[in-house]
Structures are given as C-alpha cells and as structure tokens.
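Below, chain A partners chain B and then partners chain C, in two separate complexes.
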Partner chain A sequence: MKHGVVLFHTTSAALRAEKLTVRAGLDVKLVPTPRELSSDCGIALRFAWGEAARVANVLAAGAVEHEVHPMPEQG
Partner chain B sequence: MIYLDHAATSWPKPPGVAAAMADFLATAGGNPGRSGHRLSIAAGRIVYDVREALAEWFGVADPMRVLFAANGTHALNVAIQGLLRPGQRVVTGGMEHNSVMRPLRHLQQQGVRVDVVPAAADGSLAPADFAVALHRGADLVVVNHASNVTGTIADVAAIARPAHAAGALLLVDAAQTAGVLPIDLRALGVDLLAFTGHKGLLGPPGTGGLVLADGFDRTRLEPLMRGGTGSGSEHEYQPADLPDRHESGTPNGVGIAGLGAGLAWLRERGLGAVREHELQLCRRLREGLAAIPGVRLFGPLEAESCVAVVSFVLEGRSVGEVGHRLDEQHSVLCRVGLHCAPAAHRSIGTFPAGTVRLAPGPFVTMAQIDTVVAAVAEIASS
Partner chain C sequence: MSLSRFLSSRWGPIVTGAAVGVLAPLLVQQGNPGNMGICVACFNRDIAGALGFHRAAAVQYIRPEILAFVFGALAAALAFGEFRPRGGSSPLIRFVLGMFAAIGALVFLGCPWRAVLRLAGGDGNAIPGIVGLVAGIGLGIVFLKRGFSLGRSRPAAPAVPWVMPVFAAVLLALLLGAPLLGRTPEGNPTGPVFFSEKGPGSQHAPWLLSLAAGLVVGFLAQRSRFCTVGAFRDVLLLRDAHLLNGVVALLVAAFATNLALGQFHAGFEGNPVAHTGTSWNFAGMVLAGLAFTLAGGCPGRQVFLCGEGDGDAGVFVVGMIAGAGVAHLCSLASSPSGPGPYGPWAVGIGLVVLCLFGATMRESTTN
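Take a look at the complex of A and B:
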C-alpha cells in the first residue's frame, strides 16, 4: 500500500496530530522522519495515501501546522 | 506529624503521583522529541498529554501555549525577562514574592521603570489604585494571584481591565492558586500565567510553566534560554514555533508525568470540593487562633477572600521560637519568617521579623487543626 507522511515543526505538533487523527478514526503511525524529506522534527505521521485529504482536513481543523508528502520509496 | 507547609510545597502527594513517575522511568524513559524510537515517542506522549490537560485546565485552546518550566520562578523569569526592555514600564502590586521582585529590581537597574501599587494591611489590592497607576500607560502589569504570606486573593479580572485599557499585558503569578482556585485565562483577562506544579497542582518539585493566552502575540516573548529542542536541528538559530522556542534542553519528563497524575487526582476529586475542605480548615484555624490571648492574625477576616494560608504572630515570642516549638514539641510543621516575600511583609507591617505561617492542604483533617490550635495555645500560655 502506498503511504503518505506528514511532517511537523515540533514533536508536540506531531503528537497532537496523532491524537487528532486517531480520534477521527484514521489509521496512522508515528515514524522517524524520512531523512530525504526533512530533519526538522524527529517524528512524522505515516498514513494511507488514499486518506490524504481527510488527514489534511483533520489537521487543519486542529490548527496543526504541517506538510503532507508521499512516503519516499524504501531503498 | 501535622504538615502545614502546603504553601511551600504540598505533601503528601496523591499516591498516583509517585506511581506515574516510577512508571515513566520504567517504561517511557526516552528523551521526548529527540529521537524517533518508541521510548522517545512514549515519553513525548506523556509530556504532550499533560500539556493538553493543563491547557484545558487553564482555559487555553492551543496546548502549544503551555510552556513547561523548572518551577514557578523560572516561568516568571521566562515572562518578565522575555517581555520587558529598557525604557518600558511595569506596574506591580505590594504583595509580590521575590520571584517577581528580584527579576523586576534587576531590570530596573537596566532601565525598566518599576512602579509598585501599595497593598492594604490585610494584603488586599484595590483595582482602582491600579487604574490610577496605569493612567500614564505601561507595558506590563504583574500581579500575585494570592499572597503566600496572608493568602489574600487579588481581583485579577478587575485589574485586567485597566491594564488592557492602558495597553499593558497582564502577567499573573499563580504559585498559590493553580490547583486551588478555578483559573480560566479568557474569563480573567490574563495574558500570561506562571504556575508551579508542586503546590496546589500536587505534582513533584521541578515542575511548573508559563501559559500564554490564545490571543497573546507570541512574537512579543523573547526566549530566556536557547538551545537544543529536537526540532529545526539544521538551523543554529532558535526556532519560532511553540512550545519549542521556550523549551530548550531535555524536559523533566518524569516530573511532568507526576504533575499529570496530581492534576488527574484534582479533576477526579473536584476543585470545588478541595477548596471547600480547605475553607473549613481555615475557618476553624482562624477562629481557634483568634481566641488565644496574645495571638495577632493577619489577612482578611473572611476565609473566602483567602487561599489556605493563615499568618500570625504571638506577642512576646519570636516567630522562630514558635515555629521551633511547634515542630519539636508538637510535630507541627510550618514556615516562619519572611517567606521570600519582604515586599508583602512590609505591606502588612511584619517586616523584618515576619510571621508564623500555617498552610493546610487537601489531606489535613479538622482534628489536626484542633491539635494545632491547642499547641499554639500551650506555647502562648507557657
């Protein structure tokens, strides 16, 4: 399954995002931030790419600053 | 042993506090926000959950506006030193603790203008006096929500109005009121609130924080400390994001876990029930002490105007002797002297000798209060 990953400026934002998305019934997982994308914050939120719009909506409603990316291919 | 020093630190803590701290060390010992592994995330979740619980407790929508600090003094310094610049003016009240007065007096030497609104002899502050002092404008008002010397509660909402009309921000020192009185930043009109975790909130020492109101312009607050945050690591400049901007260095995760358990106990018990219990204790204590010849009580007469702090002196006895005899002969633990608040003792006329301070907490019983009154009576008559 193709995954997406959400990046954040702070760990607190990542943890808030996890809570909000789990509460919204989304299947997410906190993972180490892929180094290809950023070194901004140590953890990122992985999700099923098909849910990208819902994830973005939940995070916007919770006023969590974030960036959504497709998960880079694992070498 | 009867512990009446809750204004210094609450003891004992609810049993869940030590359990949460032990559990944090045993099962979530990673460094929150520094790594991506499970122990780091587990620690981060605990810290975040307490941050969120505190935001809700203090009436703030954005949990990132709860900034953890080492204690109330640290939080006050984050606010005072982060906001004030030479040439600016700050107005404060006559019941402040040295955790406010010392940073203010230091900044006064750097060119900040400091004006103190006098307090009445019972420790109360008249909002009208603040309005007069604020006619000339100010950048910041700092006020102690309740005195650690007399317990007197300040009418923060009434001070907020003239403060904001003058264009000033309002910083409240909630060392004696967090976990004791209901505090909603929106309802009170507070811009910044400094709290300690180890008093009314029943957490361990080493915890506290600064809460920023949702409407407060966070760019006005410069960091007191800069350093590693686990975020923005490619940059050598401090990040702008909250809470990281003001939380450099590894946080006290184990303490914060304990603070979360203290807060959970309070929520379960109900703040109103704890307050009612402490009011009953203080009424009984004040009535008992007032009947002892030679006792002089300080603070307002009505218990409702105070948090659980009762200050007194005994004619012909030094406060040191009274405190020592309460401890040695009666196993009553309290604090005597100036309570780190010389300004407050000057206001109530007890500087430099100070007072004997009895400060009950949620686990103190009526029977213990009766024992304490009998002990003071015995010391007075001997």
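Take a look at the complex of A and C:
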C-alpha cells in the first residue's frame, strides 16, 4: 500500500496530530522523519496515501501546522 | 547506490556510529585523554577553559574536533542543499538548556557519546550514566506528550547560519596562532587563549588529525542525522531503532578498536577522567538527558545543526560553553575523586528549572 507522511515543525505538533487523527478514526503511525525529506522535527506521521485529504482536513481543523508528502521509497 | 543515498538509508547512522567508534579510540591512542577520543561536553568545557571562561588549569584546550564537526556538517549541508538559515525557537530557553546540559554532563563527566565510549573502554561507571540518560530522555518524553514545545523555528536572515561556522574558524585561528593579546598585572603577555600544561587539557592528538577526524564525523552525521538522544527517544516513543543502530555500532566499533589497541580495561576503579559515585553519575545524566530531549537532540547533533544553518542550535552550544564555565567556576563539575562540592545542588536546581520549563511551555503558548 502506498503511504504518505506528514511533516511538522515541532515534536509536540506531531504528537498532537497523532491524537487528532486517531480520534478521527484514521490509521496512522508516528515514524522517524524519512531522511530524504527535510524537516525541523525528527518525528513524522505516516498514513495511507488514499486518506491524504482526510488527514489534511483533520489537521487543518486542529490548527496543526504541517506538510503532506508521499512517503519516499525506502533505501 | 550513491554515497548520499546510502547515508540517507538505514545504514547511515550505523556507518556514522562505527566511524565515531573507530576514530575516537584512535584519537586516544594519538594523545586525547583516556576514553575521551571525542566528548562534546568535555571538549566544550576545554574550549571554555581555553578562552578563559573558567580557571581550571587542567582543562584548557581549543578542541579541533568540535570546530571540524561544524565544518564537516556545513560542507555536507551546502553540498546536498540542506543549508537553511533558521532560528527564533525560544533561543534564551535553549541557552539555559545548554547550560544545564553541560552541568549535568560534567557531573557525570561525559556527554552521551562519551558515556558509550567509556563503556566501550571498560569503565563500569558509565552504566549508571547511561541509565540516567535514558531516564532523563523518558522524563523529557513525558513533557513532550503533555504538549511541551519551544515553538517552531522560522527562516532567518542570511547572516544567521554563518555565525557559528565563523566562530569555529576564529577558534581554529586562535588555536593555531595562539596570540598573546592580554597583559597580566605585571605587564606580561597572556591570553586570550590558554593551554593546559598538565591534566586532560594537555592531552591531545595532533591538531590536524583531530581536525580530519572531526570533518569525517561532521559530514557523515549531517547526512545520516546521527543522534544519540534521538536514538533512545525514538525507541521509547516510536519503538523505532533506526538511530539506536548507530549507537550500538558506536559501542561495538569502539569496543573492538579499544581491544585492538590494548585500551580496554574493565572495572570501576581508576578509570580515566571518571569517578565512582554511582548516584551522581546517574543523576547528572538524568539532568543532561532531560535538557537534550527538551532541546531536541544530543550535543553532537546540536553542533552538526550549527553547520546546517540552525541558529537555535548555535545558541544551545554557546549555552553549553557558558554552562561548562560556570560548572568549573562554581565547583559543580566532578573530578576523579568524586562530584564537586556543589554539583549535587546544581543537579537539583537544574531538574527543578527544567521541569518548570517542561510543564509550562506548551505549543499554544509558544506559537
């Protein structure tokens, strides 16, 4: 399954995003930020790419600053 | 696979950790203090002493390894398009975190890297230090889960990312030139650079070797995001061992290199630049681990971030140098005979201050 990954500016934003998305019934997992993507925060949120719009909506509603990217292929 | 892609893969932290594990014992063989081939806390303390920020005559030397970490990370960041001027994430708080990180580490006598290097050299006193480090990281995670945040960094002016590389270049010039710009009351030339004549500060590998080793480590670590505190944080918080593999590689490589060089001596007594006070080895690293976790990375990583343009990491590193100065001016730092007379007080005060930061600085209040 193709995954996407959400990047954050702070660790607490990543943790809050996990809480909000889990509460919304989304299947997500906190992961180390993929090295190919540059980010201020070492923790990112992985999700099923098909849910990208829902994830973005939940985080926007929760006022969490974020960036959504497709998950890079694992090296 | 290109070198860049290789270092970005799961092998990156492993290669970086192994490089540190081989190079650090080699630097000891070439003259650095025992089990202190590389120590970001001790070396910042030596730099503080070399610049006259404390008066402990035995620990004064501008360590080229630290300067080269900045240069190596800068080269990697520039080469691979990751040089991003940024800052403004609670810099003053980061300065205080850096100070207490250095104080805690100097009560133990080592940063997380040296804790692992000490263990790899057979020093059993490293064990309570590492347990304390993990406990401090665990405490930091509790605060992170409760919403602790220093706020996001913002793009910074083009001058910001050059401050720390230029500072490192100035320090290298001071090391090599050793100018005598000050005067004693008697009118004799002195300072601004001081060099230990005995003790750990007088023990150092040839500067060019130290510089070369630091450049390699800085380059690799910037590419791989090697971080000893991030390693334990990711295991505790995410159940992910990507970075921890690097710490394990460091331990194994350093152990093997120490064995090969005849530098492995198992025991608790008589280890170089170490004391046997288990409680304060533990508690010092709880304080340091908490400070590193709240600041987002181990001291090595903070130095590498200085090369990537992160002004906030620069403030943390300057805070560490200041904290190291305070640690020796106020008898907080330990010595081989045990904790300094006021070290335990400083650890207690530091834990209270950091817990106050942890409990009161939330995302909503810092954004």
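Here, the second predicted complex is superposed on the first by the 74 of 75 C-alpha atoms of A that agree within 3 Å, B and C clash if a C-alpha of one lies under 4 Å from a C-alpha of the other, contacts with A are read in each partner's own complex, and residues count from 1 in each chain.
Just so it is clear, contacts are C-beta pairs under 8 Å (C-beta built on N, C-alpha and C of every residue); 3 or more make two chains touch, one makes a residue touch a chain.
If you're wondering where the values come from, they're calculated on a predicted model, not measured in any experiment.
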Touching A:35, do we find chain B (first), chain C (second), both, or neither?
-> second
Classify the contacts of A:27 with the two partner chains as first (chain B alone), second (chain C alone), both, or neither.
-> neither
Please work out whether A:65 is in contact with chain B alone, chain C alone, both, or neither, and reply first, second, both or neither.
-> both
Same chain A residues contacting chain B and chain C, which ones?
-> 9-13, 15-16, 30-32, 40-43, 65
Enumerate the contact residues on chain A facing chain C in the complex.
-> 9-13, 15-16, 30-32, 35-36, 38, 40-43, 65, 74-75
The residues of chain C that touch chain A in their complex are 1, 5-6, 8-10, 12, 82, 84, 86, 144-145, 147-153, 224-225, 227, 230, 233-234, 237-238, 240, 242-243, 296-297, 362-363, 367
Contact residues on chain B for chain A in the complex?
-> 32-37, 40-41, 44-45, 47-48, 51-52, 62-64, 229-234, 239, 241-244
If you look only at chain A, which of its residues touch chain B in the complex?
-> 9-16, 18-19, 30-33, 39-43, 63, 65
